[in-house]
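Given below, in the form of structure tokens, are the structures.
Heads up, the next two complexes both have subunit A, just with different partners, subunit B and then subunit C.
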Partner chain A sequence: MRLKLSNINIKQTLRRSRSLTLSLILLITILFLGTMASFLTDKDPLKTGYSTGLTPPNSDFLMGTDQLGRDVFSWTIYGVRTALFVSVTSTTLTVLTAVLVGLFAGYFGGKPDQLLMRITDFFLSIPRFILIIFAVIIFGPTLLNIILILSIFSWPSIARIVRAEVFTIKEREYIQASRVIGASNIDIMFNEILPNVIPPMLVASALQMSDAILVEAALSFLGLGDPNVPSWGRMLAIARQAIYAGGWWTLLYPALFITISVLAINLLADGLNDILNPKTIR
Partner chain B sequence: MPGGTKEYLLKRTVISFLMVPAVVIFTFFLLRLAPGDPAVLMAGEGASPEFVEMIREIYGLNKPLHEQLIIYLSKLFTGDLGYSFTFKRAVVDVIFERIPLTILLAGTGALIAISLGIFLGVVAAIKKDSTADNLISSTTLVFYSIPIFALAQFLVLFFVIQTRLFPLSGYVSLGLSWDDGLKYVLDVGWHLILPAVSLALIQMATYVKLTRTSMIEALYSNYIIAAKARGLNSRKILFKHALKNALLPIITVAGIQLGLIIGGVVITETIFSWPGVGRLTIEAIDARDYPLLMGVFIFTSISVIIANIVTDIVYTYIDPRVKLR
Partner chain C sequence: MNEAAIFAEDVKKYYTVKVGFRKKAEIKAVDGISLIVREGESHCIVGESGSGKTTVSKLVLGLEPPTSGTLKFFGEDLKEILVDKNKLRAFRKSVQAVFQDPYSSLNPRKTIKEILEKPFKVHQIDYNSSIIESLLQDVGMVPPQAFLDRYVHQISGGQRQRVCIARALALKPKIVTLDEPTAALDVTIKAQILNLLIDLKSKYNLTYVIISHELPLLKGIADKITVMYAGKVIEQGPAKNIFSKPHHPYTIGLLESIPPPDPKTAKEKPLPVMEGEPPSPVNPPPGCRFHTRCPFATDVCRKEEPKLSEVEKEHFTACFHLRNVVQ
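For the complex of A and B:
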């Protein structure tokens, strides 16, 4: 039986899956703060000198300022945009590549499939984070480069999932049937197989999104992020000195935002998993 | 062992080791994609023109690309990873010096994560759907979502800055050496706790979830029900039968985790100034020491490859049901 996403009753699902409900509440809050950033604050996140030195949270600076007088609140809510931009674009690129490659390799098998397996073997043998660091240093830490590098080094493992999925689906009877009635390979791949690959890909995409947020922040923390955008990772790097001068707010708020975002997306993946695999042990 | 397993393992091992030259060739081309003269990159910023020429000569950087690759590979084969201009020593020596401390840190972290993870996973499985179960699952999920560079800093804030329970950085207090015996070991242990706990907390969720799922599965399986029917005492059933089988997937995951945890090690070592290979990576980045960075990259890749092979072999030996293609 084919699982259609449109058949899922939203109200019933939300009542059943608590993680999905919690995830949506958190995500909507974060998204709201990110999109409304320019209405919520009139301070430029990157501008220094709003105050002289570390200032604790007060009515003027809701989350305080850092050593150079940057407004932590502005930095943190504009940081939502950076994090989401990187994660959404890189995940889209990653998943599109993975689905296309996985679909072709799984459907046709043979040489292209062998090649895909060796490429994934290769990427599974190298520590991805070090590879990403290496590539960012070589090509330069711009937002575009970070997105491309993240996508290039992330698609193989997801392509492997797609391939395995396609392998089992292509032997099913209804696929054989459509072949008999004269459907072309492209028809079968995109109209019959692809819709079945989408549900497991939703979970993989969610996990890829939270991973992208963490990697971008880690790069920024190490001083390898794009210096022209406010990133939670960079504020956490600033916090390394600030906390010794009592500036806990430079650590707490960006850490809270990044954790809530990642948590919400992980919960989303959990919730999707519950819906798609109702039989899984919970 | 079932027939064919040996051949499979041999094939896997060969393919895995073929990945080593693949990694090397990959880094070789990656470095050549970088803008600028590779000889200048490898000699380091501020190097004298004579030194740049010397590097060009040694690595044959004025020769065609395929010859350069052959020179590079043959040097590597003899264990020559190049010369680190920041340390003014051979890259191999610099890396090997840092390995023991990284193994100590990552090993302790993994040990805490696995033992605590299995314990909490078993508790959650036995008390499925209870408050304890929910508490364990949600707490570990939160730790799973906190980036290690935030978590480690919270630990620093509470245990170093506020309460001064643990030392700030490094792996041993100044002036202590092996000659101080137990005092030295205890001091290293004292320095080890915070970074190891940081690493452990972020990996723990995986082990808790895995143990919980496979324990629940095991507890409801026919052979456990049969054991209960035969009147075996429940503690014996739990530990001897259920847990033993539930532990199998942990081994595979522990092997895979090594590759994933390397990023965490880099960041933890940086925050706690733990002088291991991870900290070395950042030092190499800050100085743009490309030979050192390539060395670290090749070294960590080889470790991951070996870990994957060992995981495969161990897994086939302890689980006779595993039939590999």
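For the complex of A and C:
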């Protein structure tokens, strides 16, 4: 199940794939801000009344405050944690489910496969974001619910990719060769097929991560985010009023962080594509 | 006399495929073949593409159960082997395969070392690096250390086929099926691989089932030959007889066919000297299946199906016009 990168020269790849280099720089910066948040600011992101009313950026408040006196800087860098936590956990759940389901359906075919196709058809025929909104309204906007709901509505499309991949791989002669040797189905699925499914999955996973960040931000913007954590989307909702009083900073910084993190992850997907497919390296 | 390594009697394999909505068709991939492979023999199965050779090898490997008929390995019925875990384990150890396409026979994500360790791991047999290295040595990959950590895309087509052969030998099998072992290789490499197979056969005491559509190539290696046409056996016998005195017009056509010069482009094309196409496996023609292409065909060929008859000792042919053809 290990992914073999041993035949890839990391230094050379970084030099050749600009997207990967840029993405790593951006990601490391964001991760640094998120993990070091408690050292970079002593202000509680959720606490109101640090200032009286909307305050533009100054030496005390690097990114200013909103109309309730919340510190935008600490909100934004603590927001990295929220965004990445939702993104990483929901993507992990999504991809694990998708890989398991896609692997079994693709390998065994028949009834389970038909069932999978029906389920995915259903999910794909209804706009996912609408479903997510309904589900969050019904089950309540906690971080855990948001993560679970995101995963539940996201795995089908990735499972389809896995299934299609498994369908072609299982016809290769090395799978027959494993069977002749006496390998079990589980052994074949996880040790022979899975390593070949991982490369295309890495790209899909990266895209899933950036998608999760956007969905979480959108939910929070609509007031359906977890109120107990600082979220970029919710600051954008706050900015909707502040912007009329000239509070551009409440809009700019969270929007910037959403854009940069989504961009960084998409570039990562692009870069992974470059590494995993040596032909595309220029 | 010892039990035959492989005993097949009237074995059939029909595939049901969907054609359009709710309609099904039956593909008669193998339509009643019998053969006996004795221990230590090289039994070659020849015929054009689509004649059912690969299906026979899948049946022999126990990858698919026959639709009907009897298949026995050293006297043991395949049906019983397939339902008994221990017997199946022993069977998987003693019957191995080399597949047609060395490019897709090896997992691109594995090193050669990992590929060769796999059989030992599956059967929980102790191994060490010298065992793996001696396998590579036996198939002519020297020095073995130079290949252990390479991936499939880092070695040539001939070397890949050697690795496939090494993997097949790892468990010290009794029977090895080779499905077009040289079809995907260059002409010079073909000869090397065939010679290697001849050497390994005596070194490892193997029984071979070799599948090919290039009959002339098999001269040096074949003991027995079964000629298949559209899922049926049309001629069968000792290789010597078949090469020196073929009886069936189809076999004669195959023998006259020269191995195509560029194997990559000419792979599995209809043979140049024989005109026409093999019949559809869904609706084979009545009577002799070869009559649509046979220069000797008469009314009887179009109506009745010829039975295999012994023309010489252990040499069988299914044709109504043996006398005309041989002269």
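Here, the second predicted complex is superposed on the first by the 274 of 282 C-alpha atoms of A that agree within 3 Å, B and C clash if a C-alpha of one lies under 4 Å from a C-alpha of the other, contacts with A are read in each partner's own complex, and residues count from 1 in each chain.
Convention: a residue touches a chain if its C-beta (ideal position, glycine included) is under 8 Å from a C-beta of that chain, and two chains touch if they have at least 3 such contacts.
All values derive from a computational prediction rather than experimental measurement.
Three-chain overlay on subunit A, with subunit B and subunit C fitting side by side and no clash.
In the superposed pair of complexes, A:Asp187 makes contact with subunit C only, with no contact to subunit B. Once the two complexes are overlaid on the shared chain, A:Leu236 sits against subunit B while remaining clear of subunit C.
Of the two partner chains placed by the overlay, neither subunit B nor subunit C lies in contact with A:Lys43.
After overlaying the two complexes on the shared chain, residue contacts for A:Arg81 are found with neither subunit B nor subunit C. Within the superposed three-chain model, A:Pro127 lies in touch with subunit B and out of touch with subunit C [touch as defined at top].
Residue contacts after overlaying the shared chain place A:Leu263 against subunit B, while subunit C stays out of touching range.
A count of residues in subunit A touched by subunit B and by subunit C gives the higher number to B. Taking the two complexes aligned on chain A, the least Cα distance separating subunit B from subunit C is 8 Å.
Once both structures are placed on chain A, no subunit A residue is touched by subunit B and, in the other complex, by subunit C. Put simply, subunit A touches subunit B in their complex at residues 121-122, 124-131, 133-135, 137-139, 210, 214-215, 217-218, 221-224, 233, 236-237, 239-240, 243-244, 248, 251, 254-255, 258-259, 262-263, 266-267, 281. Contacts from subunit A toward subunit C in the complex involve residues 4, 7, 172-174, 176-183, 187, 192, 195-196. Within the complex formed with subunit A, the subunit C residues making contact are 61, 63, 88-89, 92-93, 95-97, 99-101, 104-110, 118-119, 122-123, 151, 154, 164, 167, 171.
Within the complex, the subunit B residues that touch subunit A are 15-16, 19, 22-23, 26-27, 30-31, 33-34, 141-142, 144-147, 149-150, 153-154, 156-157, 161, 213, 216-217, 259, 262-263, 266-267, 270-271, 281-282, 285-286, 288, 293, 296-297, 300-301, 304-305, 308.
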